[in-house]
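Both of the next two complexes hold chain A, though its partner changes from chain B to chain C.
Up next is the complex of A and B:
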């Protein structure tokens, strides 16, 4: 039973604010992803949980107990870093058994735990290898076994898959989640890869500028983003700026300053309010006979299963992803109608600092 | 502050050892806490050799990725255990190399030894005395022994540094 709670954490480095009133609660046994662009303060948050960094203000609680100033070795929260940090002077077995040994467990019991972990990560045959003799994937699995063998109740993963190639990354992220779940430990996983977060997390905490902007299941943050930034960061969105001109049957009608109107989901904003309509690239349709406004195809990219099409309309660029079987239907320079199912488009209040600033990836 | 301390460490390396030995003899000679000249000779040798060890070890420690120690801490190791099981073994070869350098330097030194205690019969002092008394044959043999011992240690460093480097 371990819950991890961050309460109002603040951390400054000179003028840079790495954590700005950061609050988050991770439930027992939950797999939580901290997702955000570089510089959002994800690693800072993780290091404060590990006890490797002391917050200027705020609290870190394990099981509702204040551990803000507890030394890392007493927290039972093990860190798995992106370069694995396998001890170079120890073989695989000594690395994996390090936690039990340093905690003074019974030697036979320690070896049994290490053997179990090595078997779980399929490295029982490489016990005597030195870390430098292992491939990247094996090093990663050794580090994982070492972390799990330490008996910690919380595992903190800092971009653990960053240094691996794409195929291995997909395989290993599955393994990590399965092991964490099998052992019932609470996991906090930092990543900037939204696709990775979507498939592994129970819940995602989207971070930006040292704050958590939204916490929710992958589906919640994807389908019902809290801000235009979240809408764009997860799955990329198209935006349409205008004023609310009508509401009918759960649908909002938004019109821009040159009289183009689009439809979106119901929203709480009054008539005449300036709003931003966001719709996922994958939900944007390009048709020859139906849509909200006309645009000119600027670029077509064949990406494999999908094709990516950029369209220039009303001086803005709109992107769409359509199945590759439609590749023949479009050609660069031709005019198409841009549209979307109104229920897939969400209406946001115009951000006070402007849309461009809101979407900026520091 | 750290930078100041860092450059102060180098001072004994630039001060001529004779001057260092003489000032040590002056400082310790006028008191009666430590009167044993052998101890004073050892003091003098520590004074001009420790920068070699500090240089080597500090350089190696600074190159060690702090994430090793952080990993050890989150795995449950207390600060001293972290030093003993992770940091020290990683920099061990540099500690050894520094020690050997210091030893060879100490072995061949005359100036400071002579300034502190003219009667201390260390190997180089012994050779100087032999030359002065015209016993060139014995002086040559003693010099060869000294050179050979120094070479053995130099090869020792080479072996240690190379061996550890390969294991990383």
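Up next is the complex of A and C:
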């Protein structure tokens, strides 16, 4: 039973605010992803939970007990980083058994735990290998086994897959989640990769500028983003800027300055208000007979499951991802109608600092 | 005339072959990507093409001229490294005008060239800044404009996006593709990221163990990969073992390990009792009244669709997609799965076993 709570954490480095009133509660046995761009404060948050950094303000609680000033070794948490940090002069077995051994566990029992862990990460036949003899993926699996062998109730993963090849990342991310779930431990996993977060997380905390801007299940943050930034960061969105000109039957009608109108979900903004409509590229439709406005197909890329199509319309670029079976339906240079189901488009207030600044990734 | 031709290129370090007997043609104006896992030889290959390395044997021709032993500085190629290699003490504009300076271009002219390429990557407003003041994505854009400003219309990209955040990588790959196509430049781009390769390339060279597995367009490699490794490495696929149990004039029937028969169009060259592997992409697996019975073990919301993972009695794992507005099946429930017979690929079962045939490291 371990919950982790970050309560109003603040951490400053000179003028840089790495954590700006950061609050988040992670439930027992939950797999939580901290997702955001570089500089969002994800790693700072993780290091404060681990006890490697002390916050200027705020508290870190394990099982509702204040651990803010507790040394790392007395917390229930173990950290796994992107550079595997194995002991280079020790073989795989010695690396994995290290935690149980320094905790003074019975040697037979320690070995049994190590054997179990190595079996779970499919490395039982590489027990005697030295880290340098292993591939990057195997080293990271060894590091994972070592992290879990010490019996911690919480694992903190700091971009654990960043150093690996794309294809291997896909394999290993599943293994990590299955392992964490099998052991019933609480996990906090930092990543900049939205697809990784979608696939592995029970809940995602989207971070930016030292704050959590939205927490929810993958489905909640994908389908009902709190801000235009979240809409674009998870799954990429198209944006349409205009004014609210109508509201009827749970639909908002938005018109831009050249008189093009589009439809979106119901919104709380008054008539005449300047707003931003966001719709995922995967929910953007390209048709020859139905849509909100005309555009010209700039290019078509066959990406696998989906075709990526860029369309130029009124000087703006819109992207759509359509199923690969529709590849024959489009050709570069032709005119198409861009549209979307109104229920898939969300209306946001125009960000005070402007849309481009709101969407900035770095 | 092809821009680049490699003839029997081999790069050897002691007993180890980084690449062996590579033949390759890069067409004029083509965006060619070399894709493969760590250690496949892709980096060695681009170093040989650029002239950073001289191959142990074989020839490199650029525009018909044998440049095998000509070093990189005399080859007139633009090169972009994975770890952004800008001069840290020079402003953006000076970094980009460095190539023209080396070619003794007068100040006005070289600044005009540099500004042109900075404009193309939308970095003109930051030309007075130092690299350290830019984000890593911006730095890589400057590195690309610097490579282009050197005057070459041959661009070599060595994992140019690997050091960047996933989301920035996605934006930048489309931008690079748009830029080089507008300029009509020939590109060789090395990457381990199959999504990246799929979205930027005219053709992809799949490499493994120092050799070329196959070369084709993204669409052909996705729909009709000749090789089991390609089917696995590019996109996602289900690999299911079986035996050919019947054949007629138009199709074959593959019996899976749990006894389910699967009809496959074509593939007349297989014979009854051949051990085979079926490959089917998740979007071509459908639920039906009858078919391969499997128990749902996991359901994942992917945003654009649901991914369902199910286990057959034979322990074969099958993944399939359902539309996002449909209700996914409950975990633990049984589903019957069928495969689109037109989109099934069949491979001879590798003698070394499937897991060895698709091993990444």
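Please note the rule applied: the second predicted complex is superposed on the first by the 362 of 362 C-alpha atoms of A that agree within 3 Å, B and C clash if a C-alpha of one lies under 4 Å from a C-alpha of the other, contacts with A are read in each partner's own complex, and residues count from 1 in each chain.
Here is the rule we go by: a residue touches a chain if its C-beta (ideal position, glycine included) is under 8 Å from a C-beta of that chain, and two chains touch if they have at least 3 such contacts.
Predicted model only: the values in this text are computed from it and were never measured.
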First (chain B), second (chain C), both or neither touched by A:306: second
Which of chain B and chain C A:199 touches, first, second, both or neither: second
Which superposed partner A:323 touches (first chain B, second chain C, both, neither): second
Touched partner set for A:81, first chain B, second chain C, both or neither: first
Touched partner set for A:165, first chain B, second chain C, both or neither: second
Touched partner set for A:2, first chain B, second chain C, both or neither: neither
Chain A residues touched by each partner, larger count belonging to chain B or chain C: C
Chain A positions touched by chain B in one structure and by chain C in the second: none
Complex interface listing, chain B residues touching chain A: 65, 67-68, 70-78, 81, 85-86, 89-90, 167-168
Chain C to chain A touching residues, read off their complex: 37-38, 135-138, 165-168, 170-171, 174, 177-178, 181, 192-196, 198-200, 217-219, 222, 233-236, 281-283, 300-304, 307, 321, 360-361
Chain A to chain B touching residues, read off their complex: 50-52, 71-73, 75-79, 81, 83, 85, 87-89, 98-99, 102-103, 130, 132, 146-147, 150, 152, 156
Of all residues in chain A, those that touch chain C in their complex: 37-38, 135-138, 165-168, 170-171, 192-196, 198-199, 217-219, 222, 233-236, 280, 282-283, 299, 301-306, 308, 310, 321, 323-324, 327, 361-362
